[in-house]
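All chains are identified by letter, namely A, B, C and D, in their written order; residue positions are counted from 1 within each chain.
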Amino acid sequence: MKKVIIDTDTAGDDTIAILTALHFFDVEGIMITGGNVQFEQQVENALYTVEVAGKSGKVPVYKGHQGPFLQLGQSQHRTVEDVHGSDGMGGANFQKTIQRPETIHAVDFLIEAVHANPGEITLLAIAPLTNIAMAIKKDPTIISKIGDLYIMGGTNNHLGNITPAAEYNFYVDPEAARIVLNSGIPITMVGWEMCTKYSIMTEEDHEDIEMLQTKGSDFFVAVNKVVKHFNQKVHKLDGTTHPDTLLMAVAANESIMTRCGNYYVDVETKGEFTRGYSVVDINNRLGEKKNVRVCEEVDRDAFKKILLDVLKDIK
Amino acid sequence: MKKVIIDTDTAGDDTIAILTALHFFDVEGIMITGGNVQFEQQVENALYTVEVAGKSGKVPVYKGHQGPFLQLGQSQHRTVEDVHGSDGMGGANFQKTIQRPETIHAVDFLIEAVHANPGEITLLAIAPLTNIAMAIKKDPTIISKIGDLYIMGGTNNHLGNITPAAEYNFYVDPEAARIVLNSGIPITMVGWEMCTKYSIMTEEDHEDIEMLQTKGSDFFVAVNKVVKHFNQKVHKLDGTTHPDTLLMAVAANESIMTRCGNYYVDVETKGEFTRGYSVVDINNRLGEKKNVRVCEEVDRDAFKKILLDVLKDIK
Amino acid sequence: MKKVIIDTDTAGDDTIAILTALHFFDVEGIMITGGNVQFEQQVENALYTVEVAGKSGKVPVYKGHQGPFLQLGQSQHRTVEDVHGSDGMGGANFQKTIQRPETIHAVDFLIEAVHANPGEITLLAIAPLTNIAMAIKKDPTIISKIGDLYIMGGTNNHLGNITPAAEYNFYVDPEAARIVLNSGIPITMVGWEMCTKYSIMTEEDHEDIEMLQTKGSDFFVAVNKVVKHFNQKVHKLDGTTHPDTLLMAVAANESIMTRCGNYYVDVETKGEFTRGYSVVDINNRLGEKKNVRVCEEVDRDAFKKILLDVLKDIK
Amino acid sequence: MKKVIIDTDTAGDDTIAILTALHFFDVEGIMITGGNVQFEQQVENALYTVEVAGKSGKVPVYKGHQGPFLQLGQSQHRTVEDVHGSDGMGGANFQKTIQRPETIHAVDFLIEAVHANPGEITLLAIAPLTNIAMAIKKDPTIISKIGDLYIMGGTNNHLGNITPAAEYNFYVDPEAARIVLNSGIPITMVGWEMCTKYSIMTEEDHEDIEMLQTKGSDFFVAVNKVVKHFNQKVHKLDGTTHPDTLLMAVAANESIMTRCGNYYVDVETKGEFTRGYSVVDINNRLGEKKNVRVCEEVDRDAFKKILLDVLKDIK
């Protein structure tokens, strides 16, 4: 089994993504970064998800950076309780777990793990890229020892979700995203438009999931309560969106990615309307070196099958 | 016949667009603005196109601003002879016409024409928006007297052409684009992705056009020589692109625009990668007032028919 | 007598500056640009000032651009009634004059006047540079025919007045300032810090002025009522400030400028805190070509004498 | 003796500053950050300076961040060997010391030291603020436990040194500077203009120093060889500049700071000409909370006396 480390702002779909990763990979640790909802709530959500997967005490959870690099003083980055519910879990308010987070900082965990397993660790990033940027700034020698990095983030010349121009993960910490994308680590990016095109679970899909009647499917139903309504109202999407789970599915089974391309990708940090915008230079108009493999098409049915397999297996 | 004024940086497809406008409208004047190729060459191209249409001496051509507002000192904006040939006419190097440009400045012509025909003038903009921005800055009272403004420019959450983030017309003078989009004039925008989706004339289409064997079809073949090669090499597009003609066709016959939406649209002027990027806020994430009707789908066959009708008619 | 054209946002010190220019120069015309207070009020203030100078009907006043280039839609640039009083004249609310503004636009007047007097016109700019930028954009051939341009604007590596980083005239229209500074016109710049160092009229100076007991001194007292209080409260300055009059005095008698230097000067348009900041590259760290003569020291007593001579002469 | 931690990009005046700190304070550690010259050379320079002070093995040196946060990929920030010589020590090429740097990262050392001595540590920052920003991002709970922070950096509405608008330390890592200035730590800032006004050692001063004939004065002469020439050529300054030593002297003896003020200070990260510019809002035009005590005047003779005392004492 491939060794992976997850970086997550655990809320909503992050939980299903974690379940998916736990299904397919040897998860060395889960790092929490500031993002979707209040930081400590995210930590609890990750711990609870590990428990749901029946791996309590076996997969450590590390607290990382609570907000983006350029968050100043008492300011707070934009959280999205409107998308995921006040607890980030569709308002389910699950119980606190017995497993507690580790004391070592996520960034130090990552640096140590990579040095201990040179070339073997795959990083699965489903949150703002603060922790990963900080780790490679603190110890740039890990760059050449990270096997692969899969990123859910940005858009490939499509509408954003948090602003018209930007996807949430890149928007929250665009400086971190720039650092990671320009680092030289082999990167696969799954943008927001992959999610809206290939990851949506419709009413009918939800019925299929509910019929599984497993602990996994019950959990799925609970955490997706708020986002369904949000998607209809804001994004005009009919169903729930699963960007983070899609990222995990692609990492677990690349054959579901039916088309991809290597492009120069970078992130705008300075614009008035475009902070967090991801430049994906498909026709190489800028003449820069290609640095990211961008997912361009997914086998939607294969993705659904993976999701159902994962949920069915959690009893 | 509807009274229109054309604003153009005449090169390549601008010529066919002018022919189209001359076919459908009462063209009060043609304004030249800095853009595609050297300014004086653009003036000649417009004059020659009027002659091709058999209207020599009947449609005045006005020289406007030779470059964008923020062009400093001796600097020159980015022209695109690589797209359209050194003369902007596929290298055809047509003869100079007898008709000469008017002496009044394009901006003053526009202001006078609008005041003389309040509510009756439709503006057809197929170039950087410098002239129009300058006119409404010089005399804001024309704003409420302009009937309609059709703009070929920007993209609707798609890849740009001159940079990954920006379409050429908005890129050359983003400050002008902001001024025009925020002016309050009723605007219809046809973005670059409408052009790549619905205006491409393939090898087969070109054969259909050549078979017309009119002066119009001969002219079409000549001016499209360079762009066909450029599109294949740079944009991976198989055929010639007709953004400006598409704009004219939509203005002439709105029924070919099979889908459109009203959105808040603005332009980035400050980014590092995104200068000229057009924000089209489809889900109204920014909460701003809708200011532009954005063309989202075109009947491609109807467009082709219009194009052929225009070319057939020029004998 | 030297032929000059004044560009002014007439309020407060602009009036005394106009009186000074009328004293020393053959004023071909006064152009009004958007700035200090409501535009139409500025027009009236300029007309009234011409009347005070006893030149009613002899010096035409031209209405120009009412606001900066990048002022969008219904937005309004920042006016400063707090500095100059609601009417820009210390609250004096003077009567309307018989002389009315001309109908030709200021920009067109400027272009015509320069062409009619090649090399002979000195431009005296004591306002945001919108009109002058617009004129050289509309007709760049005037650039080589403008004799000299004196600008009150910017700072030479000192504190600004409207923001910590920026002086008001450059702040209101930084794009225009960039265009003018980079145009190639021979420029002399008198920055805000020259004003705070050498133009302040203290209580004692005001007594000297009042003792003149002329129409000029009465007018001076009236228009300076509000600014005195504002300076104490905001700028911690003890007295009235006369940036525009200082500019006129320097233009009229260069010998009062006891030190100056030629530097590369440009204007920031993009910063978060620094919009309108003037870069004065004293040690040529940027390696750019010198484009502006910057006033660095003034004979304060000589300036005061000039001011009193002007006011004494207006009976 | 007050406990201090130094953060330095050791080259040129950093060394004399370190000697000064070692003279007056209980130095808990020296942190190296990317700045003046090649990182490893800076580490050696700091170690050598500790040896010169006769404290070899007694003051640990910690390696921190080798470059600014937003340094991307293989890019390198702007170093200034032209100011300080290729080795940053006036070309002296001193021998390698027996003492070696510690293995713990500077950021972790700082966090531990502050927690171990709550409220007692004074931070003396004479380099880009990368390390300190990174420490407070990694563990924001140290903010309330740092006693004081003295920063050599920025300018107070005066000409910069690396660009016309910016001082070197803020210019190299403006994002870090923003984070630190907005952190809530009690800060005293000594800007570049304090250095050019009050810290310059002239030919005559150098003679006074040479006459000390101590190991300290010999060292001073050696490391200042290159900067003297640079200052004359670039900054038109007659003598050597001692910004970092001035910072230490002010921290050691506040009475030499004869004037200071509390202001809102922030840093521009986005401008075209103004990256790294420090906004010092003397008249509170922005209405923001005051966050920095800014040094505005120094007793130059007292500073010289301190410097000579330090150098005399190193035998």
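Please note the rule applied: contacts are C-beta pairs under 8 Å (C-beta built on N, C-alpha and C of every residue); 3 or more make two chains touch, one makes a residue touch a chain.
Protein identities per chain, from UniProt: A, B, C, D = Nucleoside hydrolase.
Every value quoted in this text rests on a predicted model; they were computed, and no experiment measured them.
Chemist: Over the chains that touch one another, what is the least number of steps taking subunit B to subunit D?
Modeler: Minimum number of steps from subunit B to subunit D: 2.
Chemist: With centres defined by CA atoms only, which chain is the most remote from subunit A?
Modeler: Chain C.
Chemist: Subunit C to subunit D: how many Å between their CA centres?
Modeler: 42
Chemist: Between subunit A and subunit C, tell me the centre distance in angstrom, where each centre is the average of that chain's C-alpha atoms.
Modeler: Taking the average C-alpha coordinate of subunit A and of subunit C, the gap between them is 56 Å.
Chemist: How many angstrom lie between the centres of subunit B and subunit C, each centre taken as the mean Cα position?
Modeler: Using C-alpha averages as centres, the distance is 40 Å.
Chemist: Indicate the residues of subunit D shared as contacts by at least two other chains.
Modeler: Subunit D, residues with two or more chain partners: 269-270.
Chemist: So which chains actually touch one another? I want all the pairs, not just one.
Modeler: Result for touching pairs of chains: A-B, A-D, B-C, C-D.
Chemist: Considering only the defined contacts, which subunit D positions touch subunit A in the complex?
Modeler: Touching subunit A from subunit D are residues 65-66, 69-70, 72-74, 105, 107, 134, 137-140, 175, 178-179, 182-184, 269-270.
Chemist: Please name which positions on subunit B make contact with subunit A in the complex.
Modeler: 157-165, 234-236, 266, 268-274, 277, 279-283, 285-286
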